[in-house]
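In the two assemblies presented below, subunit A is common to both, partnered first by subunit B and then by subunit C.
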Partner chain A sequence: MKNQPIFVQSKRKYLFLADQKGLTILNPIIEQAIINNDSFEVVFLGKQKEFLHTDIAHWLSQQKMGTYLYVCLPWKELHPIKLKIEEVGFSEEEYQWFGHGDKSKNVFCCRCHEITEVANGEVEINCQYCHLLLEVSDHYSALRHAYLGYVAKL
Partner chain B sequence: MTYIDNLEQFPYPFKGNMYRYSNNSIPLDVPKSVDITSNYEEEIKLKRQLLRDHPKRCFQSLSHTLKAQWEILALVMNHLVNYYPDKFSLTKTNTLWTFRNLILNETQQFIYGDESTLLQQPLDFIGRHVQEDLILMSERDGNLYLDAGQLCFPANWSLAFDLGMSFREIHYPIPGFKEEKLDDRILNFLLRLEAGNPWGRNNWSLMAGNRLDTSLETFDDWGKGRKQVTAENAGDLVHLRVEVQTLFRLSRSNGILFTIHTHLLPLRKLAEKRAWLEQFYHILQELPPYIVDYKGLSLFKDVVIDYLKVQLEKEDAS
Partner chain C sequence: MKEHTIPVFIKSIEKLTPQVKQFTLSPINMTKLPPFSGGSHIITYIAGENGFITRAYSLTNLPDQTDSYQIAIRLSENSNGGSKYWHESIKMGDFLKISYPKNHFPLSFKAKHHVFYAAGIGITPFLSMMAELRERKTTFELHYASKSEDLCSFYSLIKENFADETTFYFSNRHNKLSNETLLDHRIGTHVYFCGPESFISSFRNEAERLGYPKSSIHFEHFAVSFSKNNKAFQVKLTTGSSISVSKDQTLLEALLINGINAPYSCRVGRCGTCEVKVIEGEIEHNDTFLTEDQKNGHECMLTCVSRAKSEKLVIQLN
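So, the complex of A and B:
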């Protein structure tokens, strides 16, 4: 990741995928595309997230070669979207991504199915609801917006 | 849980003295999604108890799956009456269907396609009449998604967590799957699956205990068995767990029905077959650490190998 979004010239089309805060960060790039009269599309990610990831996969898979993508989202939502983007076939050279806000994530308790929010980088946590000691994995569910927490100790 | 007494009926899964992950699917000889064994009544009772006590753990569906669920119900009912005509019957008067389960002495009438005429969703209903777990994979944009399932006997995974995931996402935890592009290869194979040409495969693991309901949700409980295996109890405590899986393309919704029938065999029984004993001993000894670890065998594999070795030597001596 770069610290600042960088405009990559002469692409067939530019895509921007961001939430409110992300759009302000990407704004200089969007303005550049407007000045150049380049074709572009902005997808705004609001609060409503059901099926979102499938829709994004669909949207991205419809794009032609030579399309360039900018993504700017809260850290918590970035990793799963990157998985989708790469699953659809975008390579490192075809997109730039930026995170903002706190580096936290949701953990899905394997025993009670409740979600506990934790700081990024935590390896073992207690489920907030059933108090089971969980090992945080990188197995991610887009529908639950969470990483799976496995039983940490038998 | 009781096990199959008749060793000939056990779906012993191994070929050769080595095991690796691969696409081990083969076309089915008999295009049959379900199998009725001597444990039928006991397992159906357990299934229904689990569904009653833990509905979210055992059944999940997304709202757009009802059409495909009806298709699964029809497919499974057809198999039941065609392959077990003395145990099941189905009569259709226009859209009014009458399904009879003669083993359990149950009759259900319903209007095909009308959910309000069944107490459960179609997949949840038909799953209560078969020993298999039933999973619906929907196809969209060249990918497969787990959009509905009835799962009472999972091998340590969570349906509630996996709901809505793509085929690759589901298999993400398996070591080497992505690196060796197995996920892509198997997905491409599944996308080419055609209606009328079902495939099947086996998966296996070792269980310390004889529970069928080894859900991820209860792992903190049943997983403890792994610490209790000794040379003395291994023959009775440790079971070879085999999943017989089938894959059927659904012709109308274009989804895939994935069925899982779980069988358990205690090692003491396995050891009665010299060829199996020898082969399984070699396979376990040779099994690479990443598979041992993923299958959850690290805590008791060595004890099991010792047990199998002693059985082999006993037979050599006699």
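So, the complex of A and C:
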């Protein structure tokens, strides 16, 4: 993920998937597409969540090669959407994603293998399942979508 | 010849079209040949008057059929030894050596759908790839252009096994394969091109223009295309020896003929095995391996396809 969205030139079509705040963040890119007279489509995810994940997956799967996607959503909503995006076939070269708002982190307990969600920035936490004190590492598992928690006190 | 090779003999020869022959190669000292993956090729070594004639050919049999290998060779109008020798001199029972299977044109494991574009004898790598995908139960389609049904290699085999996935384009019926078909492929598709240079460039350029990511575009060249404008040049190695490269010879061939143990593998500028450091001289890069930055840096080159723009190069074997 990049810190700021970057406009990728020479795509046949651009897609934008965002909530209200996300649209603000993606706005410079949308404006660039308008200036270039590029084809584009915006899907707005409002609070009512009228656009369900299955609809999004269907919409994404109908896209053609040469399409480029920008996603900007609250951190909590981002991960399941990213899974859909990759499932339908978008590669890392075909989309950019950005999160906003409160960011939490999943920590994988090295003892009981359960996952505890904590606020971003926590250094030590208690596993909510086995209560072991864990040190939050920077070792991320894409498979678990979690950071490894080591035993904090031996 | 430094490469480990497998001795084989010609078990059978079949004429597929007036210009294409299929050769079945069976092992001499072993009962099974090594298994291979879809898109693999072998290098054949035939002893000629001036050393070995070496050519790369795609394996056309099923990847799990290892009692023999099959290759299909089109007689090239401009043959400088390879296809002419295979068509006119090779007989059943002849012995030759082949390399172990190599694959510089593998199937993508990330693709959700695979689309193959073949022109003429460019069909050969796709036969084993389609068989592998059928086995994996992965979707694919083939767009196959030929001058006519009579000149279409493997027409019956494809009709029999891959009819639902294949669209034929015969120019004698004014049914031309256009790169506009690239507009139709859904996200997650990987495209593969094989055929003459002009065919590959046309489809590659159009895919890139439409915004396909480079990692979703795959292609295979058959051989080094010799330009009429090629010039002879001199090469000095940092070890001290000097060699001459004639206008109809690659730098790699010149190195090997002169007994220099130069590394190589694909011989078509794809794999990077033959990369050498360039100390002095201007390079004409003809490969598809180095990045644009590397090419503009003029500090390295692939000896199998690239040449000198200047009269002399100084190189260092890595």
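Things to note:
Quick note on the criterion: the second predicted complex is superposed on the first by the 102 of 154 C-alpha atoms of A that agree within 3 Å, B and C clash if a C-alpha of one lies under 4 Å from a C-alpha of the other, contacts with A are read in each partner's own complex, and residues count from 1 in each chain.
Going forward, a contact is a pair of C-beta atoms (placed from the backbone, for glycine too) under 8 Å apart; a residue touches a chain by one contact, two chains touch by 3 or more.
Quick caveat, the model's predicted, so the values are computed rather than measured.
Of the two partner chains placed by the overlay, only subunit B lies in contact with A:Phe108; subunit C stays clear of it.
Using the contact criterion defined above for the overlaid structures, shared-chain residue A:Gly89 touches subunit C, although it does not reach subunit B. In the overlay built on the shared chain, the residue A:Met65 is in contact with subunit C alone; subunit B does not reach it.
Judged by the touch definition given at the top, the superposed model places A:Gln20 against neither subunit B nor subunit C. By the touch criterion defined above, A:Leu148 reaches subunit B but does not reach subunit C. Comparing subunit B with subunit C, the partner in contact with more residues of subunit A is B. Common to the subunit B and subunit C contact sets on subunit A are residues 61.
Only residues 51, 54, 57-58, 61, 83, 87, 108, 110-113, 132, 137-144, 148, 150-151, 154 of subunit A touch subunit B when the two sit together in their complex. Across the interface of their complex, subunit A is touched by residues 110-113, 182-189, 191, 207-216 of subunit C. By the touch rule above, subunit B contacts subunit A in their complex via residues 56, 140-143, 145, 158, 160-166, 168-169, 172-173, 216-220, 223-224, 226-227. Subunit A meets subunit C in the complex at residues 10-13, 60-68, 88-91, 93-94.
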